[in-house]
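Listed below are the structures to be examined.
Paired with chain B in one complex and with chain C in the other, chain A is shared by the two complexes that follow.
Coming up: the complex of A and B.
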């Protein structure tokens, strides 16, 4: 105990008198197990039972008889699956770079150019707004922008005289994909912005000032200093947003329903279609099990590089 | 010197970019509100108007009263309220041992990791198995099914947020209460819980906001206004044959009003919740 600096001060409680500490520690450990295990057990059951059922369903025909991996084979042979995978990939390639680029640009802009704390506070509030608008409402807004007959983009373009009849934002496959992606960008760029802006606040002012005195320009400042503080956050954003691309459902369902054809049929809409439009329980269960296993395996690989608290 | 000069020269451009960005974010909300305030007569006129010539609340009244969406609003409030209570109770049961008692670090890490993993699962892959379970358990089209599943899937956020808040409460305060002769339950209730109250409130608000927005589970697990939540009603207006723009817009505006107000109140905690505590606002 001679050197107090050697002992990091953390949230751990200070050690009480040694004689009582042992007894106390044992009783706390007992209580923690007593509280934890029943809850964790119930949660495990509630989470694992449906999964077990899904595995069984994925190995059975509609009639209930065991068919081995037939459903998995049918799932893999369905050409629509590859359309869905392609649409999901295109969507990811459209939204992820755009959101990260715009979010980073805005974060750097506000961080470097805006001095007033009041303005920063206003920007913070505005950035929170898109994150909490329910995706269903965002879908409604997108319809009011793109839908034929009322969409404000067409209305304005026609009034200004740029076009003389409506652009079919939702009936042209390419434009439909862009429309759907634009909604994602509108909603989630704010997330990237908030995370990176918060990250920029952790860069010590003295470091950037010193670099500036040494003549570092904006780009050098970012590449050699700020980027190092932001790197773990880029990892976080990338993995969270990649997981989100697989989760996207609401606004696409409302805006295009996966169409026209299968041009915006993202993976989650595809699974929905197989189960609730084609009522193919076996194939849907096979897909669901595959997706859950693949995502869980990817998660266990990724968790080590995620910058979240570890132990 | 050069830097200040650059900043001064770049400033008008910065404001221009920020102004345009602000427009991109506010115009959609403007168009939603404006559309919801238009009358049916105005919509049936030949040309689309860019602002309501005679603003009226008739669309809101029609949605809530004539279409009976007040029932969906009630269901949403009930489901979200119950989900918040269940999630916070479970969250405390899990986070109290891993932050205040000497649960082993491996257990703590295991719980946190598993919780985080739920954040990565695509809901549609989850809902397919649950659909079968809910049907066989006769919970199809009941609020209970939604409350159960929402509680489970919001638990990760609650665990990570509560963990953060509980870790911040100094152990010395509890220590002092124990020395004064308090037993564990009393100290938990009288000392820890009041100190954790702001954190509980913030977590509750954020779970409420997420639950309020949820659409896929509600779409699949409910069928009638008896248990449908508000977002399901909104979607019903969109896919109708004859789309009534003002009703659709009004329902969208109602759907976003409550989460907007709540999240702005808890805005300092929202980013922490969304990033599992990686970003902490001070």
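Coming up: the complex of A and C.
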């Protein structure tokens, strides 16, 4: 039998009867809708339903009684929330520019200086390693470096005579924040490198060669050519990394538990504390819903404000 | 070759139906009710660490003797608590037995999630075991302040201790005599705090660790967290003096980075000879301090009950680990049989040989066992002296988090001792108020 899709029209073929074609079309539409249901069901089950439950919980007391916006008011009145927001902001300001700067530098270095494919492959493998190490393991390893008493860094510095007393990497509020941020930088700079390095491969060689012939230096090459190809990727990196900063938990929990005091109590640790230490379901749900809404609004603003596509 | 649309649709539909049928078949599971027959296996949710090491070691013996496999599912401390609460809230029959830290009992008791062991399975108090050990497994608590929601309820035994932890004190007996008071502790700390040796190890990490280190000091100074009506008294003069003693006096003779030191760091410092004294849990002794394969100070460390303070008394702190049976378990009787087997005098002797920490006075005072376990006598004395327990409130986790965060901030010099107790009192009051403790 001839294929009606491969030959939709043709003078040599008689047109199918309109009633038969209509029935087939309706049948296929019904099947399409039928097959769509499982997908919609999964989306509903993993996203919409939990969110609806969170909203309901955020409006309820522990007993299930409706309390309006009380939980939101309590969440916003809790002074620890602002400590957590401040800590998260400081953490983001430390890790995002550092990771983007280092990742970009490394990507440009490898792109421009390394010619050997084998060496590039080795660097690729090395860059992937931090990304596949479980965050818990990263935290445990980092603790071996920073821990009081047996931390490798202090021991090495003391053995070579640079210091005679331990540095309180995890006990001094400022150093504790720098220490937890350094672990993030170690793990995620590689991600920035990989994305930007891939982006640099899309820059047409003839364009950069022409620019070089015209006398463009390294900075001009980056500023006027490569940056325009990388710009959408910077937005992508910012998206992913901002989301990660809001979710970061494991290594901070292992290294400092949010301390000293609440100096490294990031938003995720604070939410965990409200839900699993205080078992205040209503306040935790109110916080989660608020964070979700604020982040969604911020992200949509970022999309509108940042020029994702060149021109 | 082209595929006719109708045939393609039929194939897709057939695949969808087949996949659906397979998924449904997979979801069906085994619906056999094992409540009336001997199960082949009972599952225990346990804490990962030295606390469940002896349990894991002795479990195969039960399978040999009774033919029932003991499956132990381990979780880190924090995750175990969260896992149990969420499992209980879902009324899931995932575990037949659960290991519980004794401060969790108020939460679990208030939730009504555990099967009473006395009225359901006939458990009775054994005179060889101090009554405080049974009291921590009883809800509502037989003495002390009772949360409003539990007032008037009939008390039941909900958990049986399998790790008889009581917080004690350790010091280098090769260097000095045992300290009798916290003044002695400070004097010795000043004397030995030189070179690589810390005069005292403060377990100062935020939340649970620093609170566990602090509460024996607080009580010995005559302070407390609550009065009998659940009003916070952590800002009283006695309590403030105890906080100052920790964050000023002891910290001045403590190890570097005390704000981030937990139990494992403390016992490691002791084991490598870089610490003179500290509080200690029995599990740290067997696992590290007296473990010849990792310790340089085996046989050189003495163990005593917590020294006395200005109140004239010293208070150890209960830190028992108990076994309880979730109401949702389908193997309640088998689980109860296992507890009875494990806590019997004969099996407890084998349990001790595998590193277990008993509560039986006959074992703790046994001279032969004291040779092998140099802390047993101190543990027996601590138990007989009637150690305190952490306040029996279902809000304890929140209270501990508040107090532990503020104490840690005071240790780090971010706030003064006065600010730490004032902030703690205000936040604890707010938490208790929201939980309905003041009517």
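Here, the second predicted complex is superposed on the first by the 259 of 311 C-alpha atoms of A that agree within 3 Å, B and C clash if a C-alpha of one lies under 4 Å from a C-alpha of the other, contacts with A are read in each partner's own complex, and residues count from 1 in each chain.
Definition applied: a residue touches a chain if its C-beta (ideal position, glycine included) is under 8 Å from a C-beta of that chain, and two chains touch if they have at least 3 such contacts.
Keep in mind the model is a prediction, meaning the values are calculated, not measured.
Novice: Just chain B (first), just chain C (second), both, or neither: which does A:51 touch?
Specialist: A:51 sits against chain B, while chain C stays out of touch.
Novice: Touching A:273, do we find chain B (first), chain C (second), both, or neither?
Specialist: It touches chain C, and chain B stays clear.
Novice: Is A:43 touching the first partner chain B, the second partner chain C, both, or neither of them?
Specialist: first
Novice: Have a look at where A:262 lands relative to chain B and chain C in the superposition and call it first, second, both or neither.
Specialist: A:262: touches chain C, not chain B.
Novice: Going by the contact rule set out at the top, does A:161 touch chain B (first), chain C (second), both, or neither?
Specialist: neither
Novice: Counting only touches as set out at the top, which of chain B and chain C does A:68 meet: first, second, both, neither?
Specialist: In the superposition, A:68 touches no partner, neither chain B nor chain C.
Novice: Name the chain, either chain B or chain C, that contacts more residues of chain A.
Specialist: It is B that touches the greater number of chain A residues.
Novice: Looking at the overlay, what does A:172 touch: chain B (first), chain C (second), both, or neither?
Specialist: second
Novice: List the residues of chain A that touch chain B in one complex and chain C in the other.
Specialist: Touching chain B in the first complex and chain C in the second, residues 28, 31, 35, 147, 149-150, 257, 276 of chain A appear in both lists.
Novice: Using the touch rule from the top, collect the residues of chain A that touch chain C in their complex.
Specialist: It is residues 1, 3-6, 24, 27-28, 31, 34-35, 38, 74, 147-150, 165-166, 168-173, 176, 256-263, 265, 273, 276-280 of chain A that touch chain C.
Novice: In their complex, what parts of chain B are in touch with chain A?
Specialist: Against chain A, chain B makes touches at 2-3, 6-7, 10-11, 14, 17-18, 21-22, 24-25, 28-29, 31-32, 35, 48, 50, 90, 93-94, 96-99, 101-109, 111-113, 116-117, 119-126, 128-133, 148, 152, 155, 167-168, 171-172, 174-175, 184, 209, 212-213, 215-216, 220, 231, 234-235, 238-239, 243, 245, 248-249, 251-253, 255-256, 259-260, 262-264, 267, 270-271, 274-279, 281.
Novice: Which of the residues in chain A end up touching chain B in this complex?
Specialist: Residue positions touching the partner: 11-14, 16, 25, 28-29, 31-33, 35-36, 39-40, 43, 46-47, 49-51, 53-54, 57, 106, 109-110, 112-114, 123-126, 128-137, 139-145, 147, 149-150, 152, 155-156, 186, 190-191, 194-195, 198-199, 212, 215, 218, 232-233, 236, 239-240, 243, 246-247, 249-250, 253-254, 257, 267-269, 271-272, 275-276, 281, 284-285, 287-288, 291-292, 295-296, 298-300, 303, 306-311.
Novice: Applying the document's contact rule, which stretches of chain C touch chain A when the two form their complex?
Specialist: Per the stated touch rule, the residues are 2, 4-6, 9, 12-13, 16, 78, 81-82, 85, 107, 204-207, 255-261, 265, 268-269, 274, 397-398, 400-401, 405-406, 408-409, 411-412, 414-415, 431, 434.
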